[in-house]
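Would you mind keeping the following structure in view while I ask a few things?
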Amino acid sequence: MKVITFGEVMLRLSPPGVERFIQTNSLTMHFGGTEANVAVSLAQLGLNTAHVTRFPNHALGRSAAGYLRRYGVGTQHVSYGDGRLGLYFLEIGSGSRASQIVYDRADSAFARISDNDVDWDAVLDGASWFHWTGITPALSQGAADCLLAGIKTANRLGVPVSGDIVYRSNLWQYGRTPQEIMPAITEGCTLVLGNKALFSELYGVVGSTFQEAGRAMMQRFPNIKYITDTKRNSVSASYNQLSAKVFDGNTVYKSRVYDIQPIIDRIGTGDAYMAGLIYGLLTFRDPQRAVEFGAAASALKHTIPGDVNLATVTEIETLEAGDSSGKLRR
Amino acid sequence: MKVITFGEVMLRLSPPGVERFIQTNSLTMHFGGTEANVAVSLAQLGLNTAHVTRFPNHALGRSAAGYLRRYGVGTQHVSYGDGRLGLYFLEIGSGSRASQIVYDRADSAFARISDNDVDWDAVLDGASWFHWTGITPALSQGAADCLLAGIKTANRLGVPVSGDIVYRSNLWQYGRTPQEIMPAITEGCTLVLGNKALFSELYGVVGSTFQEAGRAMMQRFPNIKYITDTKRNSVSASYNQLSAKVFDGNTVYKSRVYDIQPIIDRIGTGDAYMAGLIYGLLTFRDPQRAVEFGAAASALKHTIPGDVNLATVTEIETLEAGDSSGKLRR
Amino acid sequence: MKVITFGEVMLRLSPPGVERFIQTNSLTMHFGGTEANVAVSLAQLGLNTAHVTRFPNHALGRSAAGYLRRYGVGTQHVSYGDGRLGLYFLEIGSGSRASQIVYDRADSAFARISDNDVDWDAVLDGASWFHWTGITPALSQGAADCLLAGIKTANRLGVPVSGDIVYRSNLWQYGRTPQEIMPAITEGCTLVLGNKALFSELYGVVGSTFQEAGRAMMQRFPNIKYITDTKRNSVSASYNQLSAKVFDGNTVYKSRVYDIQPIIDRIGTGDAYMAGLIYGLLTFRDPQRAVEFGAAASALKHTIPGDVNLATVTEIETLEAGDSSGKLRR
Amino acid sequence: MKVITFGEVMLRLSPPGVERFIQTNSLTMHFGGTEANVAVSLAQLGLNTAHVTRFPNHALGRSAAGYLRRYGVGTQHVSYGDGRLGLYFLEIGSGSRASQIVYDRADSAFARISDNDVDWDAVLDGASWFHWTGITPALSQGAADCLLAGIKTANRLGVPVSGDIVYRSNLWQYGRTPQEIMPAITEGCTLVLGNKALFSELYGVVGSTFQEAGRAMMQRFPNIKYITDTKRNSVSASYNQLSAKVFDGNTVYKSRVYDIQPIIDRIGTGDAYMAGLIYGLLTFRDPQRAVEFGAAASALKHTIPGDVNLATVTEIETLEAGDSSGKLRR
Amino acid sequence: MKVITFGEVMLRLSPPGVERFIQTNSLTMHFGGTEANVAVSLAQLGLNTAHVTRFPNHALGRSAAGYLRRYGVGTQHVSYGDGRLGLYFLEIGSGSRASQIVYDRADSAFARISDNDVDWDAVLDGASWFHWTGITPALSQGAADCLLAGIKTANRLGVPVSGDIVYRSNLWQYGRTPQEIMPAITEGCTLVLGNKALFSELYGVVGSTFQEAGRAMMQRFPNIKYITDTKRNSVSASYNQLSAKVFDGNTVYKSRVYDIQPIIDRIGTGDAYMAGLIYGLLTFRDPQRAVEFGAAASALKHTIPGDVNLATVTEIETLEAGDSSGKLRR
Amino acid sequence: MKVITFGEVMLRLSPPGVERFIQTNSLTMHFGGTEANVAVSLAQLGLNTAHVTRFPNHALGRSAAGYLRRYGVGTQHVSYGDGRLGLYFLEIGSGSRASQIVYDRADSAFARISDNDVDWDAVLDGASWFHWTGITPALSQGAADCLLAGIKTANRLGVPVSGDIVYRSNLWQYGRTPQEIMPAITEGCTLVLGNKALFSELYGVVGSTFQEAGRAMMQRFPNIKYITDTKRNSVSASYNQLSAKVFDGNTVYKSRVYDIQPIIDRIGTGDAYMAGLIYGLLTFRDPQRAVEFGAAASALKHTIPGDVNLATVTEIETLEAGDSSGKLRR
């Protein structure tokens, strides 16, 4: 099974441990982006994956590609060109001190992508799944156009499509609103990650509960088979509670609730959920198992430094089965 | 508003993470001293500050000054001379293992300070506050004399004075007792941090409650307007509970109680409280808000490596307002 | 008092902090082995110790010996020869993510040990205690033979012998079963660490409770004076509960239960218990105090990076006395 | 004596040691910018300095200011606002492998500077020197305008002005050419660092030798009293030969030639020369000593990690006096 | 163009910088193996490559594969199974102190490879080149058999084959001599890296000069078109001189001699030459350019930490063209 | 053969690599002292050694002892008591930038040593050599007295004594001059390291050449059998030339001259020479071989981080035999 993801990959720079920006003298490098994070997670779970993006044609762009390959994601569809490498500075918090991010991603090589950079028919040939998020259409017209072309190709080839419709208002600087752009993109989706507030804000679709709002989304976008979301209770930067649910038009499948303490790295835990859910849907073809698998995957991601989930199927299944004892494995 | 602090700054050397002295092969450098810690905290809160001290005239002494400047504290009143740089070795504990300190501060350049090293009229000109602690008069006759001269100048110029009357019995090696030295110094104070036991031991001032003892202190030292103290419940080296209170002669203002877990670095958390309280008194002119701000500042300091509080006003106010969720700030 | 231990010492390689193998680019070095861990703990408690082992005759073998000496263990009885240095790769987990070990110890210099490598009369001359574990006879016929020779010499010289009869089924590759080998070795023991399941599996000795099984062991092996075991409740990789008990044929002495959070390094915590217990029996000659001291020693080990317990007598006694506050010691 | 410098400060990120971008997983942080480098060097030499720039109003911008203060440069004239922090990635080469830089400085907070951000009269009040470089007017119209305003104020106040007329063709993206912008800026200069090729390209001023070209520059720009340049022979990335010269309209003063091996960090060595020269002119008022001091300062900078010269007057004078023995100083 | 390489990949562990084993407390990780090093070099030069090997099926085996992918080498033909990960400990010397290696590669997963692990027809389909070295047949009968099968397949498919006939006498522990094994393997080679001494020892082929010995080799093994070798003058661990030559049956093509100082990492410099030569032969089809390109590639490798050459075509061509100035590239 | 050394051991703190004090944020730990350095070198050469000193009774004092043990030096004669751990800060230079040391050793636990702390008869029982340096009697009357007692015991027991009569004028603060103290100490020596200037300054012994001055020393101190010295030409901090000579009353034995480049760590290279010479005299009983061995040992020390020489006999003999090629040893 081959999964294709599409989106920007940024260089992430963070002080060692829980140092603050203002006191650090070195920065640890990771690379990440919400869609590529999904690809890495799936590659660690044993699926064949490839990420489609555009990097600057210099050593740092090539390093980003190397990072994806290291963790098993194919980079054969990456294009290289002008523009900079988007980056973000992450300070990891602790206890009552929040983590914080300084984004520095404007005018990236990815934001300059256009339809011509991707041969979607070749990319999606033989694919089992295609994943995107709401970050991509927020970056530039070219990115939005390229994404839409990808989704249409996927629909034509019968490749299921998932979208995390995350909305960041401080992006969307290129003159279009999400209300103009998102509906057409969402049209081709099989699986949508989102919540009532987003459905209302982006599409004017309302419902008083997750279930009702989900049903309304399915009416508006008939391709959608599943609506999903996670629920997080942030006790502190070091202690969260997390669960997830999936609605298939009939039933809401809920995962166990995970007590997560201590939190090592919270970034990418939503992407880890999405990857686990996709893996579950592709492998188990059982929404209950899929949502449990996704939630356990997300819980484990909190223990792993970096944006990407490096947990294995065995580890996730152990946790999903209720064993959170962390007993030494020899 | 300009705040002046006075006292020794030491080089702090600690093993990485929670390694023990006996196993480490490198030491992380910070600089700290209870009064300078207050200055750095206040500088991070946006106040104009300057620290008065005396450093050895070599590269490490200059490094200490550079450390203060880096975090926004003026070093224009620092003098340089003979003597060594005081230092302390800190091993950070975890859980049931206590942190431990090996002091190595004898005969420092600061301990050799004398009245001639500081032009207090110039230093305190235009100042809004002057802060000292009981460490300084414990180090040498020269330090005690210089401090007293500073307090008298502050009184003459109408600059409010705060004193943390901390008492360390293993200091006070120069032939005088705190009972001989402290009363004259305390005389000129507006705000005193201390508790019943200290009031009794240092000044023979007794009272059966914080309130009564505070009232007795105010009778003995009529300049005092506020008595303050913190209360800490040490569950383990990684988990403490903390609150603070201020007495203004009429009312005891109490802060919320903070559950602090995990503790990254406990050193300087009292100084962070003092800085927050001073900031609050200078800015809000409301003891309740001031004590809350101070306690929240202190709670946040526990999450920050090093002696000094690098939290911002916004972060402190967020916590003070009850949001300890540590949610990612983008 | 001199304590002799015998067994393999491995190079332990682990990613920094809680990084995963798959993402790390450097490895932190420690050395460890269950018996040598006991020796280091005892050396830190002030006893004279020496560890008997066999290292490869190259720089890494000499580094291993240097590691033992650094922490106070004598290496005058170490022999050097052919074979490799056994090693193990340890990934430290966190929360719901388990730690994991990849062993790489086959065909080590120690596994090639033979009777000729150790002059047991010289080694045990004047010794107060001899300690071994079930890892050693599992490695090779030579190691099993050499151990048996040591125990017989100890018996002849009247040196008390303790054995941790740990059983790892994936060792024992040299053609003999533990059932063939262990009884003769256990014969000479004064103190045995084990549980009902092990007694039954290794010796066919059964009993429905710890006490009954212990009594049956003492009937089968009349030299045994004490049976001991620890009990661990693994809530997560970061949070465990631990206690210990000792049976002397009449009474079961139980320690307090320790809540251990956070866990820095769980490896060697059983060895820390054994060392504490041996220290207690040798020093206090009181099983109750000994088991309490051992349990407190083990609890503290969880806070210390590496395989070996670097806690001092004072620290252990503080915790044993009920002070787990972790308050800063100056 | 107070020296004012003006220009962009970037975050510099480089792999540890001589690792390549493509293999590194962490980056060492420094801050630098050609003009600020001059300020830091002069502060280390004991002069009062302040750097004028504009930073983004976030933790990284404040870190940049902290870096300057740490090394003694005043940041009281820094303004904060929108835009990003310019940065550059530096890979340090070795032997036949060249160092390489990936710039990422477009649209920085500094490039958005305008006249309103700087009160030049206040900044230059009491100043002894003002320094700029050709990087600044290349960045934006606002930066060029602000610089010109500064120079005019300096001229009005009688503050000597030095300019390093470095020309980078890949900057100058804002629609103006250096030929349009540079002459007016150069007009107000007392000291110019440049060479024949630059004089011809930027101003159309020609001369067949350094002396003749310098004389022609002085005719075209009558304020100029000194023309200076360095000469570098790059044998390898680890071995360079360096000298400098100054022309005062009559005489060419030449420094000794320095054999520099090994090179630790070549960045900022030109700025170190400029700082040494300015220091020499201000202090010795003797072009020969000044050029020797500058060349020795530059030679020493090659041994120091980071953009800035942290050498002391004593160290520079020792080298200038011919002692390059590197003998241990106790 | 696709190049296939075949051989063991080991985990390389080395102390930071030039520390000695006996003093270090951490080890830097790289992965390397003479054939995989060639693959990585070629991938960095832009060729399509894949490495064929066998790894243990655990996290460290997967890390090794990730390392290859990071640098662009395909791992689609890697098989996973039992056995350990071969490793070697490298201490990097300096000046008169030699680097030293402690090998620990016995009984690796690769040594357990057999014909069944590789489908050579699939692997070599469409390949442009196949490369092996004398390390592989020295490890086990299975490795030797598998290699021979690969070479025969390559011959059948018309894929050129290169062999570095390096001979390590301390390998070859499985009961066969190189004289028994090597001739059949060499039979299928187009290009051989070796020298007179090796030709004589391994094949009994003699010649008084490189040229004569090469001609004799070509008579004995008629498939051979090129014989090549490098020449190294080791002045110290930090300074070497290097050149290379190729004989095509008629002419000896010699490269320039490179003065290499300082040496950062000497491991893999021969493999870098081989990769450069293969690249040159495939791309330029001109032995003189190829040998020059190979020698320049090897010279650059000495400046790069790790086993593999991360130099680019541009960097190599710059050095090959005579520019060893190491001038900063912006 | 057992060698006893006596003197202070300090904690050495140095910035990583060639960073300057003023820019560093961490310090690398080593321990060293001129006499202990000799002991470690000899232990690495395979001799039985023990170092006599006095440490503070805290974790850092115990760490110092652990450091010695790690490298094979016995610490059974170390006493523990009050006073601090002497320390020194070392900044390692490069090229034309000198290394520099800030000493911070006043009032150390060692300076407080007295005769009662050492049972010289027990310490020197069975010893083959005793070594001291001129640092020890410069520290305190107690240290001088204790040393003299040791030398007298050695003389009584027939143990040869070597003394490095190094003179540091900034020590000797306790009220006695070296002229008062040194003669009696030198009286008992067999081997003296020093030069004409020292002989004249300390003892008033003059001679126009090394040979003549040596002969005069032997007349004044009839126990002396050998006079030795090293000669260093400091080209830069990274490049030195070194040789040594020994005079036995008849002949001056000279070593080869070593070109040392690059220098990693120059500290302790004189002690490495002394250790090599002692080893040579004890082992070869041939002054020419001994001086060659000592000089080669010293040359190798320049390549090793830290104060102590970790070179092996084989490495030294290889270099002594003229092989400075630094060729990889497998």
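For reference, chains read A, B, C, D, E and F in written order, and residue numbers begin at 1 within each chain.
We take it that a contact is a pair of C-beta atoms (placed from the backbone, for glycine too) under 8 Å apart; a residue touches a chain by one contact, two chains touch by 3 or more.
Bear in mind that the values here come from a model prediction, so they are computed numbers and not experimental data.
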Q: Identify the chains adjacent to both chain C and chain E in the sense defined at the top.
A: A, F
Q | chain C against chain B, contact positions shared by both copies (same if over half, else different) | A | different
**Q.** Comparison of D-F and B-F (more C-beta pairs in contact)
**A.** D-F
Q: Tell me, please, which chain's centre (mean of its C-alpha atoms) is farthest from the centre of chain D?
A: C
Q: List the centre-to-centre spacing of chain A and chain C in whole Å, with centres computed as mean CA coordinates.
A: 46
(Q) Can you compute the centre-to-centre distance for chain C and chain F, using the mean CA position of each chain? Integer Å is fine. (A) 40
**Q.** Rounded Å distance, chain C centre to chain D centre (Cα mean)
**A.** 62
Q: Return the residues of chain A touching two or more other chains; collapse runs of consecutive numbers into ranges.
A: 17, 20, 22, 25, 66, 71, 100, 262
Q: Check the chains against each other and report every pair that touches.
A: A-B, A-C, A-D, A-E, B-C, B-D, B-F, C-E, C-F, D-E, D-F, E-F
**Q.** Contact set on chain F toward chain D in their complex
**A.** 17-20, 22-23, 93-101, 103, 168, 170, 234-239, 262, 266-267
Q | Interfacial residue positions of chain A with respect to chain D in the complex | A | 13, 16, 20-22, 24-29, 58-60, 62-63, 66, 84-85, 89, 91, 100, 102, 104, 106-107
Q. Taking the complex as given, what residues does chain B use to touch chain D?
A. 66-67, 69-72
**Q.** chain C residues within the chain B interface of the complex
**A.** 17, 71, 258, 260-264, 299-300, 302-306, 310-311, 315, 318-319, 324-330
